[in-house]
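I have placed the structure first, in the form of structure tokens, so that the comments after it can refer back to it.
Chain IDs A, B, C and D follow the sequence of writing; residue 1 opens each chain.
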Amino acid sequence: MKNPKILEQLESWIEDNRSHTILGATAKYIPALANQDPNQLGICIMDHEGELYEVGDVNVEFTLQSVSKILSFIAACDHHGLDYVLDKVNVEPTGEAFNSIIPFEIHRPNKPFNPLINAGAITVSAILPGENIPAKYDNLLAFLEKFIGKRLYMDVEVYESEWKTAHRNRALAYYLAESNQLELEVEEALEIYIRQCSISISLQDLAKIGLVIAYDGFDPISKKQIFSKEIARVAKVLMVTCGMYNSSGDFAAHVGIPAKSGVSGGILAAVPPKWHSDEQAFRKGCGIAVFSPAIDSNGNSTAGTMLLKQLSREWDLSIF
Amino acid sequence: MKNPKILEQLESWIEDNRSHTILGATAKYIPALANQDPNQLGICIMDHEGELYEVGDVNVEFTLQSVSKILSFIAACDHHGLDYVLDKVNVEPTGEAFNSIIPFEIHRPNKPFNPLINAGAITVSAILPGENIPAKYDNLLAFLEKFIGKRLYMDVEVYESEWKTAHRNRALAYYLAESNQLELEVEEALEIYIRQCSISISLQDLAKIGLVIAYDGFDPISKKQIFSKEIARVAKVLMVTCGMYNSSGDFAAHVGIPAKSGVSGGILAAVPPKWHSDEQAFRKGCGIAVFSPAIDSNGNSTAGTMLLKQLSREWDLSIF
Amino acid sequence: MKNPKILEQLESWIEDNRSHTILGATAKYIPALANQDPNQLGICIMDHEGELYEVGDVNVEFTLQSVSKILSFIAACDHHGLDYVLDKVNVEPTGEAFNSIIPFEIHRPNKPFNPLINAGAITVSAILPGENIPAKYDNLLAFLEKFIGKRLYMDVEVYESEWKTAHRNRALAYYLAESNQLELEVEEALEIYIRQCSISISLQDLAKIGLVIAYDGFDPISKKQIFSKEIARVAKVLMVTCGMYNSSGDFAAHVGIPAKSGVSGGILAAVPPKWHSDEQAFRKGCGIAVFSPAIDSNGNSTAGTMLLKQLSREWDLSIF
Amino acid sequence: MKNPKILEQLESWIEDNRSHTILGATAKYIPALANQDPNQLGICIMDHEGELYEVGDVNVEFTLQSVSKILSFIAACDHHGLDYVLDKVNVEPTGEAFNSIIPFEIHRPNKPFNPLINAGAITVSAILPGENIPAKYDNLLAFLEKFIGKRLYMDVEVYESEWKTAHRNRALAYYLAESNQLELEVEEALEIYIRQCSISISLQDLAKIGLVIAYDGFDPISKKQIFSKEIARVAKVLMVTCGMYNSSGDFAAHVGIPAKSGVSGGILAAVPPKWHSDEQAFRKGCGIAVFSPAIDSNGNSTAGTMLLKQLSREWDLSIF
């Protein structure tokens, strides 16, 4: 049953934080993203019983962008096992930008630093299960269907827009290909990667995915284990250490919730259950999805980040 | 009361993991460290009631080295408040080595990436409370005395050895000085920094410090709040994201305990209480100290890391 | 008329230097180059009257590879004027490798450092005169025909081999495309670039090209000005400062002849006339071509470099 | 006998180029330099017979700064031989700034890239002949006395100003010390280095030094060989490839005269004799000294560089 006090708080905080949208701007390098209304801010929280708290601009669909990186990582691990995937990609944070080539050229690592920088994400996309690109893409959608009970679809306009302007990702992918770190041809790996980035999702569905991650791969509503606890643990480590681009450390310190952001302005967050005995909101965990398309120079939604900061502080949601 | 089964497990695991010492070597650049017996391995765990589990080579004293970085960060925050300190040093992980100048020169940040790389640690040492170096050093010792009820002392041989060979740290400190990021003269900042690195500690005392961090600054034995929960939270974020040098991400994924290592072979770990209802060891949290001086190329104790990995897996101690 | 003493000296020096081939190896990343006999060493010198001194393995054809970079630079300048080309590419040496992305990402220059690193060479290839790739390629061949009176052709096997394995060059080109520094589509720019690298040439023809560069674009045999003195000056500056990959400075100090090397093992050198009054060999200038396919880690022919060093010392050919 | 037409031209060009001083500013990081009148511009040319052409602000004394790097390199080579010095420092240009640590940390070279970046210059200063700092400094002055027949002295105010603010040079020197590339203690090496930078010189004396370098170490007036031709050759290579900081390539292309600049606004240039038969000014070579303290972001005098560009173009002084 929905707690009315929580809704009330959320409504107040949404208004408090909407003003932070002016500190950011919509992602300019993808025309289809640039044209969104930057003033939107919406949040959707699903508690452990499936109750939904929806406040603000919640009737939206947006593309996953980098949020997809953590989902394809989980999907790849679910199919191949964690060891296989960690043999292709490391789990170390890097202080460089998500699309930097510098660490590769300086350190010549035999695998990307982590699956949440573009190089690592492309590497993981290339090993998604499936004999060819349509099969890989289909398998990813099928995997996500286990979380939300429906088939997601791709925003074709965003896909085409990204495909044409993916120069930097092509540079990264060819760099990986040169050192034999890519299991597909470059153009194929980019196709599956940009397809996954262009998957369109609602706040309600994204919150459900967050809930399953918070519950270590277990769906507390359907009571099914969707993926293993071992994978969930590494996924949450990645979200904490690398999930918010180059302000992941700051987000961990001030919010402390495993999360992954995307340049479309979406944030996926997973609040694990806590033992605290007081009458805390969401003490049995929840999934959170936020959308606000004005992003900062790191790539994170400005108002979305501030809203999560307030939630975490007020409700003591940090895992630290 | 001590649980005999736990002692038995620890004894078996110590022997399992001692062989990993051959994968490392004692730190060569500090003569006083180089000459230690690399085969040592000892662990000390203090539970929430102050019960000590000591197994292996536990009658040792070793210098804090980089373990001191998290302690001086806490001390500085306790005196100045978190905001003041975070104005001098960021909390972002970096993929570069702990003593790298590259990220500074590329990004020209106005503050070091985090207080656990050398540049950040020197910056924090420089703002320890106290009018001069002896006062700052004394205040740090006084702060640590609140955790363990006794005054620690400095290993003069190690201090002198490090002072003479601290070329790289001097390079870093002069680099910081050039961009006005250091609140002391370079040689003074280095003196307090190298002094804190040279503080000698026992496993028993280090475990107690870990317990207080695990309890968010609260000492569950004396029932005193030694430092604030807000500081403890950021300290644990730093330990998870940057505590184990350039394998912090790997350690978080496979161990998942906030920890800080030093090149002397010591590791400080803080296991927060968990809500799990099963009869888990240390479910009410504990502090862990490990010592094994053979370190890997990243600077972490090889056997110590492996031992913590086994503990975490067997007892489910990960916070993720 | 040929000076028999010079031939004698050359024959002796060829034998002296052939042993240096064992210090290098044929370029492994291009299969068609890897399979050459690494023990070959040949030189061809054309004096200002067109007299040819040919010693060693001189009946060879090899692909231009990076030697083509200086030729397409001259061709582009000849068509567009020097200012136009220098608006697209700088003339500064860089300490990084010829295919490095680091300087671009650190400094974000609005143009490549110089036309002899791959990024600069691809940029220049893209502005070769011609409406499309075949026309650009044809115009380059037509320009080279002015030097040697015949049409050069492409080694198709080398071209196909390079096209398939050009991952790093694709990475560079997409990087340039992202910052709008490329006047063609990436795949088109790469096609013209790899075509020019795959042009096959003889030592005799390459020596003639060297002679014209030595004479500031004037052909002392046909008495025609093929390109302007202004362009020749910049070309020679580039050859001295950046012509021998990352040992250009060493080559300038110990050889002092404007030169450009390629990974196929060829070196193009241009010895300008000097005022010295003594009876020096080639005091009226000459063009030199060397071929020896065993290259060092920088990409320069080992025996070829040593042979030029001996020639320069014995005959005082340095411009410094 | 002085050519009046040359004086006339120089006077006109000085006025043409003085306006370029507004494109730069005096070096801010050394207070004693910052306070100079930025509008000054003076040139002094000494021809092969010792005739002096002095135009503009010529009654000035300024500190050598980086101009001293090429002089201490020559002095060190003169004492130890070229091979000994080239064993301590390379002769390769680098695209990074003169005080960058990036190339050291990325490539971990066993010696600095060249003696004209700060790291290389400090390395060379450390091997100047002499048992201690005063002796080394005295020997450098004695060596310079051979060129100009008098003892230079140090600007104590500049020395003290630089000594206090030399944080970046200290960082570089400690970095070198860590990899055992420095033959002196860091503070000693810095003392001799900063002393040499602080030597005060007149335009007339600097022009004479340029003349001797132009004549390959031979003084055409006293008819004495001051240092060997072999050393002069490498010195000129260094001046062409690295003498004008990060616009050395551009200067070589557009001026083409071996030169070395300093942040005080001085430029030392050496015009070697040429064989051209026409009635060219200074066809028998000359030494040039320019002073104009407004420098650009690379560290080169703005008006001084433009003036040399005009001279070279009008009188065809380029060696290329």
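Definition applied: a residue touches a chain if its C-beta (ideal position, glycine included) is under 8 Å from a C-beta of that chain, and two chains touch if they have at least 3 such contacts.
All figures in this text were calculated on a predicted structure; none of them were measured in a lab.
Colleague: How much rotation, in degrees rounded to the nearest 5, is required to superimpose chain A onto chain B on the basis of Cα coordinates?
Modeller: Angle of the fitting rotation, chain A to chain B: 180 degrees.
Colleague: Could you pull out the chain whose C-alpha mean position is farthest off from that of chain B?
Modeller: C
Colleague: Are the interface residues of chain A and chain C largely the same numbers on each copy, more than half shared, or largely different?
Modeller: same
Colleague: What is the distance, in whole Å, between the centres of chain A and chain B, each centre taken as the mean of its C-alpha atoms?
Modeller: Going by mean C-alpha positions, chain A sits 31 Å from chain B.
Colleague: Would you mind pulling out the distance in Å between where the CA atoms of chain B average out and where those of chain D do?
Modeller: 49
Colleague: CA centre of chain A versus CA centre of chain D: separation in Å?
Modeller: 56
Colleague: Find every residue in chain C that makes contact with two or more other chains and list them.
Modeller: Only 102, 106 qualify.
Colleague: Where on chain B is chain A touching in the complex?
Modeller: 86, 90-96, 102-103, 106-107, 113-114, 233-234, 236-238, 240-242, 246-250, 252-253, 256, 258, 273-276, 318-320
Colleague: In the complex of these two chains, what residues of chain A are touching chain C?
Modeller: These residues of chain A touch chain C: 100-102, 105-106, 167-168, 170-175, 177-178, 186.
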